[in-house]
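Below, chain A partners chain B and then partners chain C, in two separate complexes.
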Partner chain A sequence: MNHGPIINPEKITTLPIGFRDILASRADAEAKMINVMMSIAISHGYIRVKPTLIEFENTLLKGPGAATSEKVFRLIDPISQRVIGLRADMTTQAARIASTTMIDAPRPVRLCYAGGVLHTTTNQLNPERELVQVGAEMIGNSTADADAEVILLAIELLRTVGVKWISVDIMIPALVPLLLADMQLPAEIFSVIRQAINQKDVATLKKLANSKSSILVGLLKIFGPYAEAMQDLEELDLPDKARDFLVRPAEVIKLITNFEPNLSVTVDPAESRGFEYHTGIAFSLFTRGGKNEIGRGGRYQSDEDPKSTATGFTIYLERVLQILPEDKQKPAVYIPYGTPHEQSKALRMRGQITVAGLTPVVDNYAEAKRMGCRSILLNGQTVALS
Partner chain B sequence: MNTNDKLVLAIPKGRILNAITPLMLRAGVELKDRLSEKYARQLQFATTDPNVEIVLVSSFDVVTFLAFGAAHLAIAGSDVLMEFNHPEVYTPVNLDVSICHLAVAAPAKQCSKKDSYRSSYMRVATKYPNLARNYFAQYGIQAECIKLNGALEMAPNLGLCCRIVDLVQTGSTLKANGLVEIAKIADVSARLAVNRTALKIRPRLVSELIERFRGAVSAT
Partner chain C sequence: MNHGPIINPEKITTLPIGFRDILASRADAEAKMINVMMSIAISHGYIRVKPTLIEFENTLLKGPGAATSEKVFRLIDPISQRVIGLRADMTTQAARIASTTMIDAPRPVRLCYAGGVLHTTTNQLNPERELVQVGAEMIGNSTADADAEVILLAIELLRTVGVKWISVDIMIPALVPLLLADMQLPAEIFSVIRQAINQKDVATLKKLANSKSSILVGLLKIFGPYAEAMQDLEELDLPDKARDFLVRPAEVIKLITNFEPNLSVTVDPAESRGFEYHTGIAFSLFTRGGKNEIGRGGRYQSDEDPKSTATGFTIYLERVLQILPEDKQKPAVYIPYGTPHEQSKALRMRGQITVAGLTPVVDNYAEAKRMGCRSILLNGQTVALS
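So, the complex of A and B:
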């Protein structure tokens, strides 16, 4: 009996983990989606920018970019001998453009972008290491109207490409750090408390925290539809400083629900994970059928200048594509060798796809079938293959 | 994400299942077809709550089903939740049942000698490689974890490893295999866990169920 290997190692030609080729209608759908989304953002006065794939590490990781540090692929630039990084997020790049080459542009600067990003990290739930990011940023305006504008723009982008039901989850990432600072907790339990809050683990929080923890416990139980959640927050015994943090979310919710009365809006005031660099309100966009959020965004500080307050969003295109029905590849018409060019051109002008025969064959029908065509052009007429 | 209109609650087979049955009764989520002989092979069950369906999976898989959104809620041991530590999972309720702890154990004869010169490397057999690695790393020890799915207690005596990290309830299994517990890593109990997306897009149904389980726990 042959006990030789059933797998020939020389035949293994996979891509590195987390990378995959995108083919056919999916590749087409992705490109079209980017075009549609960008043209909507441009129509709202956002200037499209195409930042570089690589940057020096220090500019890539500046400010809000620091959060992406562990995701960045790094290499040495053979010319400058400095460390360069392959972008893991384009938000920082837009911020860099606004504060360098576009420093003299009138504020607010509105930018939009779409492009590939690379992540070193991978996990079972999010295995992709090459992703397409679509986003927009508004830099240099601190109003609630600016916050509302980017949320509504993100929703418009998603709706236009076919995401019907969207739910916006509003967060106040600075609220929990403020309450924790107020509690003066011993340093050694700080990270455990932080984790308990992130996991909405009321029992652990009760056990660990001190007398002031009742506010946090109350806060953890508040999440859900905005009207009740905001009401519950008002009734919570928050310190005055924390109460100030509720004003902006209330304003923004009013603005977006005035414009979109049927939009599902929820509030989750204790959630801050992944939004550590956000200074104002933050938001996540969910839809039914997605295993994860399909977009997120919020207010952050784009550089040290206090005037450089920014707000923006990112849409995860792979996740959007995953939940939308896949477009069927359009059936093609086979054009036998020697058919006059005008005839096949006329078909294409009518939106048909043509596949030209390159050599004369005995059986044009069989050849059309072999090439995966659904019909054949004979004597100026398209004939369906049986 | 499972787009089923019903909320899917994943429950582990085995140890936890018996412990949580009374709690589920009080929370108003009772299996419609009891786990009798007749249904022994069935894995999906309707419940007394028309909005909730139950799936039975293995204790380690519960968290995977939940993280991927195949289940919207789950009852899982905090050991498994900690091991996977998925950011997509909330653990709002400690059900306070099926209580035990996660511990490091070693052969008794090894522990009688005081080893003040600890190695910075150790081979550890466990079902919890992430937790074990992180625990030993705190003490500057690189733990090479061998993932085993059972019969861990034999591993040190057969020379597979020098330590095991496992759940300890009474300690009798350790004793019977000539092992002693040398450190406690964490208390373990069953938790009600929730998928993040489910909580965000169906907050009313999910929080109502959370509150019912909270009520069921405080009624004990």
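So, the complex of A and C:
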């Protein structure tokens, strides 16, 4: 028996769907992981911010925040009598701080953050409604080097906490909308086509789209390792405007693979789900053993000012914790009642966990076992329990 | 100019009253302080828990939670269509976990936690509505040693993060209600007397109370350093039932002063404000330089089970941060565009903060200054900026 939480699964408190208490080594692992990630981002010049958990609805849904509207818990603030919301995403908050409080800070502004976010809705992919978001944003620099810096930073954060194998999937979310605009499709089939593209449904696409649909069909077939995918994209009969969209991904891929020659980088140029507010390249981070992305990011417009182009990423901490081996609860040493404080203090100074006995007992060994300890401190010596 | 947030006070986002973003070294200091405090509590066998930010109203307001009812933000959960609340206090949540999920864990259960709490209301003493609570609870042990353990733990946490001078004020919140019950006062003056006691208003007390008021008046005059105060209490003509209430404070004071002979310990036996749910001794922690308590705690009933007596404490992190010297923003080294990654990495490995240049510039010195850096990396050497 370990010193650790003895959980009675039948007695777990009824909490709203999507909420759960996090206990013991898991709670500790989460906190430690956040610290490590933040200290790395800080070492790269990112300034840590801790935005408020609650904001007025209008600031919370500004710019990139608009995409989170459906997920926001709203209520009336009894003091201001205005609608306030619990944040569903922190990217928007970092952008808000950069464009208000830190408007006079030199550009680019680099910010990092970690904190809880809350979602009203739950689905199969995201069963939890209380999540931890870890992220970084660089606001006010439009270069490929900026895009590459945030991708490499996300990878460094994940590697440092123990995610060994990482794959980066590069997307160009503005490409499909551009091609669709170019095709001048009738409004009534536009959304059906959009859906067919998202589902990579080539049959529907061929049936519905007009003569220019062959480009879309060709685009849908391109995804996979970057060298081949970028080559295929070059060979596709794209309009000139769309061709311009290939320059940045190529630059960024070159920068990140120069630095990380063995990194798995794939390209999925037609994918755009969930990247509706992204204006440049977007990326998802995957690892072996996890079906879902463990992080995502990309370039977006952080506010109305055209100079406020930003690039950043979000790491889904719950998913990272899921794929990493669980921390074992550290065994504890039982300290019989009356033991001099200095002796147990010395153990703690050496990194041990102590559990103090609060009353004299007849059998200290039995009491140590009852408390889930693995050893006992007797006459200044730690003795293992059989 | 430091590499740090350049804050424009005129541009700070409008947030609801009592909410503010926490930036840079302050955000970092807060996170570090939490870690240090949690790791100490864990070393004493306290199991870290991270309860949910939201619960159903009925579980949130159970037991000791009832006292937080006025502070709880409530809303309707769109999934369950039930009233949910944002936690205003985490003590209740620790008690809830101990009495449900961890009901089968050996007693005492020791839990520690750190997290945000939200209050609907604000007042002069508590202007913030989003606060960080750090605390520990021991559930299921009624001894004086348990009371002493949590007081000493609170002190150790505060000392370790840099609070040098600490004073513990011991209260007996159940004493005044017992004396009042004994006086059999008419219902209509009961609350006036209660208020007079809370305000140490001896004149009103003398005028209103009956013949037994002399005990109350005597009690009100007793507060200050423990040795004298405990002596004065012994000499007061208390009824026998009330005299029983003096045993535990005396035991606890003996235990903590044995361990900490130089600790400032005071006794304020008539004080009970904010300790309405406390059943045994209660305590407040003060330090020099801060008007308000920086922590508080005491013994309470954690649920309906009479065996669920608990003792614990809460530390108000914002107040601790206020009295400590502010962390200086660490200066950053500017890394000119094109510098080999290994060179900047080596600096970070040595604990430096680097800020990468993202484009070639004519004057690297000027750019480093513009970015708020204090030095620049040139040919593998860090050169201070004049």
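A few notes on this one:
Here is the rule we go by: the second predicted complex is superposed on the first by the 373 of 386 C-alpha atoms of A that agree within 3 Å, B and C clash if a C-alpha of one lies under 4 Å from a C-alpha of the other, contacts with A are read in each partner's own complex, and residues count from 1 in each chain.
Keep in mind that, in the parts below, a residue touches a chain if its C-beta (ideal position, glycine included) is under 8 Å from a C-beta of that chain, and two chains touch if they have at least 3 such contacts.
Everything numeric in this text was worked out from a predicted model, so none of it was measured.
Using the contact criterion defined above for the overlaid structures, shared-chain residue A:81 touches neither chain B nor chain C, since it reaches no partner. When the two structures are aligned on the shared chain, A:7 is found in touch with chain C, with no touch to chain B.
When the two complexes are overlaid on their common chain A, residue A:371 makes contact with chain C while staying clear of chain B. Contacts of A:262 after superposition: neither chain B nor chain C is touched. In the superposed model, A:125 makes contact with chain B only, not with chain C.
Contacts of A:291 after superposition: chain B is touched, whereas chain C is not reached.
Residue by residue along chain A, chain B and chain C are tallied for touches, and C comes out ahead. Once the two complexes are laid over each other on the shared chain, residue contacts for A:15 go to chain C alone; chain B is not touched.
When the two complexes are overlaid on their common chain A, residue A:55 makes contact with chain C while staying clear of chain B. When the two complexes are superposed on chain A, none of the residues of chain A touches both chain B and chain C.
The residues of chain A lying in touch with chain B in their complex are 124-125, 167, 169, 198-204, 220, 223-225, 264, 266, 268, 273-274, 284, 286-293.
By the touch criterion stated above, chain B contacts chain A in their complex at residues 1, 3, 64, 67-69, 86-94, 96, 194, 197, 199-201, 203-204, 207. Note for the complex: chain C touches chain A at residues 3-8, 11-24, 27-28, 30-32, 34-35, 38, 42-45, 47-56, 59, 73-75, 77-80, 82, 84, 86, 93, 96-97, 100-106, 108, 110, 114, 116, 118, 120-122, 129-130, 141, 143, 145-146, 149, 259, 332, 337, 341, 348, 351-356, 358-359, 370-372.
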